[in-house]
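Paired with subunit B in one complex and with subunit C in the other, subunit A is shared by the two complexes that follow.
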Partner chain A sequence: MNKQATSPSKPNSRRREPALTYSKARGPREQMLPRMGAMLIMAVFAFYFLIPIWWLFVSATKSKGDLTSTNPLWFSEFNFFENVGNVLTYRDGVFLRWIGNSLAYAGGGALIATVLAGMCGYALAKYSFKGRELIFNVILGGVLVPATALALPLFLMFSQVNATNTFWAVFLPSIVSPFGVYLTRIYAGSSVPDELMEAARLDGASEVRTFFSVSVKLMFPALVTVFLFQFVAIWNNFFLPLIMLRDEGNFPVTLGLYTWNSQINQIPELRMYVLVGALLSIIPLIIAFLFLQRFWRSGLGAGSVK
Partner chain B sequence: MKPFKSAIAVAVLSAIALTGCSSSDSGDTAGAAIQCTPADGPVTLSFTSWIPGIEDVVDVWNKANPEIQVKVQTGPNGNSGTYQNFFNQLKAGNAPDLGQVEYDALPNFRVQDGLTNIAACQDVADAESTFIPWAWNQVSFGEENAAYGIPQDTGPMALFYRSDLFKKNNIAVPTTWEEFEKAAVEVRKTGSYITNFSQNDVNQFAGLVWQTGDTWFKNDGDKWNVALTGTGSTTVADYWQDLIDRDLVSSFPGWTSEWDNAYNTGKVWSWNSAVWGANSIASGAPDTAGNWSVAPMPQWKKDDNTSGNWGGSSTVVFNGSEHPYEATKFALWLNTSSESLTMLNESANLYPATTAGLDLPSLKEGVEFYGDQKIYDIFAASANQVSSTFVWGPTMTQTYNSVSDGFKAAVTGKGTLTDSLKSAQEATIKELKTQSIPVAE
Partner chain C sequence: MSRTELLNAEPAVLENRKPKNKFKKAIVLFVAPFGVLFLLFYLAPISYALYQSFLKVDRQGTFGKAKEVFGGFTQYIAVFQNGPFWESIGRVFLFGAVQVPVMLGLALLFALLLDSPLVRGKKFFRLAFFVPYAVPGVIAAIMWGFLYSPNLSPFTEVTSKINFLSADLVLWAMANVVTWVFVGYNMLIIYSSLLSIPTEIYEAARLDGAGQLRIALSIKIPLVTPAIIMTAIFSIIGTLQLLAEPQVFRTFSSAVNSTFTPNLAVLTTSSIPNIHLAAAMSVVLALTTFILSFAFLKFTHPKGN
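Let's look at the complex of A and B:
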């Protein structure tokens, strides 16, 4: 075999040989590079975002001694189930109670917030009345105010009615979602046709019934988005419970883990419990996302083909 | 334009609401004068503490005292949020009757008028002598007829060291700071470090300053005197700066895994720490079990017996409590009865602040991790050698941050520890003025 012909570094062979395949595979080959580039960038970011979770998972499987002395990103002796058992039974299962509280705050709060935001956004989009824009603009202003900034004023207000340190002190502020109103208004404006509402009215349905049996179905993707956002926002809302709650029995899981973490110096075993607890506490979020994301995707898709 | 305008209006309104809430009365150093008399009927008190297992201790009290029931509230440790909650509650007028406050945070609560002076209660006056004098000083601020809390626990310091490594390499365990420096050179020759200078543990540094008999603050009842750059502080700062410059100490940030790992793998051989540190090493460096010992802190002068303190807290009665008499009864039981002190020691490693508490049976036993050494004998001696002169300031969060910022720079070669103290001194004076707390200059 001629060594020169096969060597890719020779200019003549390089020019001739690819030229043959070039014309054939022109389309795919041109897209290959940008596609590879995009994949690469995404892979790098996925790696970047997943590595803390990987670390968390690996750490949660280790015994207390192995935690500091072995490779932080790879397994040593597998103690995961023992660790989970320890967390769940520590102090009469207070961790499970926190998870339950978080589900109640986030699930219940997000559900009511979605209904309220959906009704409000729908009303703002489909009915014309005096002061409609003013109301909408005030709500829009609410999007700009960070929840953290409202925690202290809320605490002082709840103090006035002796309602701090109760379930309601965290639950009530969670059921409003200005962003949800904004999103549902925009979505209802484009997805609920006036003709359909007219038809429902002609059939004798009340406005409330029209909303719940016709419009809600059309707005469903937006409502799922609002629910998901609000669920995550409440689940991760840490500052409000920190300021409001003193009774361990009412803590959401974020505050509970934070409390444990702040006691590590006194009870070093808690370091392990915080790690395992943090891993367990993201599972409901993952489930919520996996379960609801298909609605979400179809929603975004519906918007884009319009 | 319209939505934008309204949005701004809302934002501005909320900002006003916020500043309205965060303004506070400061500069008032007078505690509320109280009547310490028992209530007519049964009383329920609220008590906020982050001590793990405090509920069990309170249960014991509740069973024995049906007339004075205590309800436990909890939260993260003080600086992680509970202090801020206390201030919010004081502002809203619903502070708990009792709360846990560390010594270094007491002055802050005092200048914000958050504490009840319970010295008027006869029980408190009677109990003063049962506490270690310097611990009492932390709650009385050295004043007559003053008690702004009941001392709960203390953190007398000593030297934790790897007895096996010192012995194997024929290095004598240092008893003075001069010997410590010489030993540091020897240890460095083996490739390890004698100890670690933790850039974020300003409290540990304060404990080292405390040992010299110096103080960071003074209060003459009228004005605060900031003294971060006193002779004791600069001596300690220069000493450690020298060790850092010569690479004789490591500088891992405290309480991180790399810090644990340095101890676990024998890269660092000793730690000047408080009594509660016994547990931190045992959990952070499990592979070294049995190889540690405890010795008294190295001294500045040979044959001296001085020591420092790192940590410790008190139980306070908040301003506005309607039942100071019952509250102090509970606080005294919690912090002086051997029943409670034993439980607190077992569940949370609290080291008692009473003289009698130092002799608890659980503190007389050998500890396996330390080769069965009776380490608490060393700490009991240390507890009695801590100077009474050290005073904390009213803005410790800011002071700690300023010092710690400087320390972080210093361990990487930018500036020195003394520079950090100087800039923290200026920052602290500025902060006191901002809060209208009177400062002497």
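Let's look at the complex of A and C:
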């Protein structure tokens, strides 16, 4: 595409110096068109990705009447806090309870999942023992088993012990992350030096102590990545709670909003609550991603490239 | 150098063989907690689904007591004769054949643009494109459901002329929701893979007179192919498992029936309740997913391994 621009320096191009002239030749003027094209593409798609969220935010600030009668992409009378108050107090604050449930399922579940996967991945990377490859391969197979394929059999199993419709029916299956084992194994393999483990041993530290006091720090980016992605996976999981839970007191916020949304035809004011609730429910995740991006970005790279 | 792909990644493990059993206790302590839970909540459900799928309900007379007995392949025969189930499989295949390439094509394009000197404000774009990933599928489907519906949408000009929730378009309306959520995520995976390419490679190419486009096509894309394959496999799996979007869209559109996607069919069948047939459907779906992922891997790695 830039062939033309480089032709003036062609005669010299046999020798090595022209590298400099070459980069000069590709100055701002020549790159103007591709640059504008690239920025145009990025701008158009930034609009595409952000406009629904902007719309959700603007809608959540409106009164019920303004929702359909005013410009959907710009503010009218600012009613946000009243709306939030309505959502939070509706039916004895069931929405807050859902948020709390989601935080418990996703936060608690992801934390435990990360610790368990981290320990397992670490052991698979740093110790050689019989059956290690077999264990790893079985776990790797688990990465390919979609969580939704497990929902129905899990429901059947939990109903055998009369444990459906409980907190644990959703929580327990969420603390297993085969992908976490995969990622932490890869990461531990390249980031925890054997010499360091050896040094800790010479200092008299036990293997478990070495893991928690030394290795965990080195594996931190991978662990944050596992935590975040497990958090998102649990937060977004829909099939398992949908099939397990009947009592709305145990619902995560996604299932709660889904039930509100499906009742809109009978109870029209729920539409506003769904919009405000949707906004409130995505804020924690966006904040988590913004604050932790330094970590998960490096961890993400490890999983796909190493 | 050790640029391997997801499924046969051979991590850099320690070279020095430790004397056996020296760390046995520690190893068990590290592996067992995950192992037990993996057994309970991954392997056991799979086996249990298999077991259930080979049972059938035997009823003596119309009002007789129902009894579960071994049914052999009864349920599987029923699955293969179940028209709506195969229609739903066909539907997600069509969905995936269009949506996955579009989504990954966009993700690759954005990743390359972010990695090129052409774009300013990279940090902003990276975040803006990724933000939708923080929106759960259910919520995204609810949002877009409103955006598609004529009376609430900011785009009434469009939605009053085109009914995105009609029988013809609703599948693609869902494809848009999935694309919106996942492009940024896939972009980031490809982008982090691009960032790890040593820049000396580009220097060499530039000395040879290669432009940005040329570098992207003949150096960057081949080098990030493992990352693209990984995103493709996860996308294929995700497509076959579609549930939240169609389930939510049922409240917006009558064009989405109770067996619109395979998982929806499983859910519907299990709430009849016909759990044995639903279990067989789950098994068939999981096998289809497995076969497809492996076929894709083999197809992209013809040389084996």
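In the analysis below, the second predicted complex is superposed on the first by the 255 of 306 C-alpha atoms of A that agree within 3 Å, B and C clash if a C-alpha of one lies under 4 Å from a C-alpha of the other, contacts with A are read in each partner's own complex, and residues count from 1 in each chain.
Criterion: a contact is a pair of C-beta atoms (placed from the backbone, for glycine too) under 8 Å apart; a residue touches a chain by one contact, two chains touch by 3 or more.
In this text, all values refer to a predicted model and were calculated from it rather than measured experimentally.
Chemist: Determine, under the contact definition given at the top, whether A:258 touches first (subunit B), second (subunit C), both, or neither.
Modeler: Both subunit B and subunit C are touched by A:258.
Chemist: Touch test for A:248: subunit B only (first), subunit C only (second), both, or neither?
Modeler: First partner only.
Chemist: Pick one for A:204: touches subunit B only (first), subunit C only (second), both, or neither.
Modeler: neither
Chemist: Comparing subunit B against subunit C, which has contacts with more of the residues in subunit A?
Modeler: C
Chemist: Which partner chains sit in contact with A:134 here, subunit B, subunit C, both or neither? Use first/second/both/neither.
Modeler: The first partner, subunit B, only.
Chemist: Under the stated touch criterion, which partner chain does A:275 make contact with: subunit B (first), subunit C (second), both, or neither?
Modeler: The second partner, subunit C, only.
Chemist: Contact-wise, after the overlay, does A:266 reach subunit B, subunit C, both or neither (first, second, both, neither)?
Modeler: Only subunit B is touched by A:266; subunit C is not.
Chemist: Is A:144 contacted by the first partner subunit B, the second partner subunit C, both or neither?
Modeler: A:144 sits against subunit B and subunit C alike.
Chemist: Which partner does A:164 reach: the first (subunit B), the second (subunit C), both, or neither?
Modeler: first
Chemist: Identify the residues of subunit A that lie in both the subunit B contact region and the subunit C contact region.
Modeler: In subunit A, positions 67-68, 72, 138, 140, 142, 144-145, 149-150, 152-153, 155-156, 242-243, 255, 258, 261-262, 264-265 sit in both the subunit B and subunit C interfaces.
Chemist: What part of subunit A is in contact with subunit B in the complex they form?
Modeler: Touching subunit B from subunit A are residues 64-65, 67-69, 72, 133-134, 136-138, 140-142, 144-145, 149-150, 152-153, 155-156, 159-160, 162, 164-165, 242-243, 245-248, 255, 258-259, 261-271.
Chemist: Sort out for me which residues of subunit B touch subunit A in the complex.
Modeler: Within the complex, subunit B touches subunit A at residues 2-3, 5-11, 14, 17-18, 21-22, 48, 50-52, 73-77, 80-81, 84-85, 88-89, 91-94, 96, 255, 257, 260-261, 264-265, 276, 279-280, 282-284, 286-287, 348-349.
Chemist: In the complex formed with subunit A, which residues of subunit C make contact?
Modeler: 2-4, 6-7, 9, 11-14, 16-18, 20, 23-27, 29-31, 33-35, 37-38, 40-46, 48-49, 52, 106, 109-110, 113, 116-121, 124-125, 127-139, 142-147, 151-154, 180, 183-184, 188-190, 192-193, 195-196, 206-207, 209, 211-214, 226-227, 230, 233, 237-238, 240-241, 243-244, 247-248, 251, 263, 266-267, 270, 275, 278-279, 282, 285-286, 289-290, 293
Chemist: Provide the residue numbers of subunit A that touch subunit C in the complex, in ascending order.
Modeler: Result: residues 1-3, 6, 13, 16, 19, 22-23, 26, 31, 34-35, 38-39, 41-42, 45-46, 48-53, 55-56, 59, 67-68, 71-73, 116-117, 119-120, 122-130, 135, 138-140, 142, 144-150, 152-157, 172-173, 175-176, 178, 181-182, 185-186, 188-190, 194, 206-208, 211, 232, 235-236, 238-239, 242-243, 254-255, 257-258, 261-262, 264-265, 274-275, 278, 281-282, 285-286, 288-290, 293, 297-298, 300-301, 303-306 of subunit A touch subunit C.
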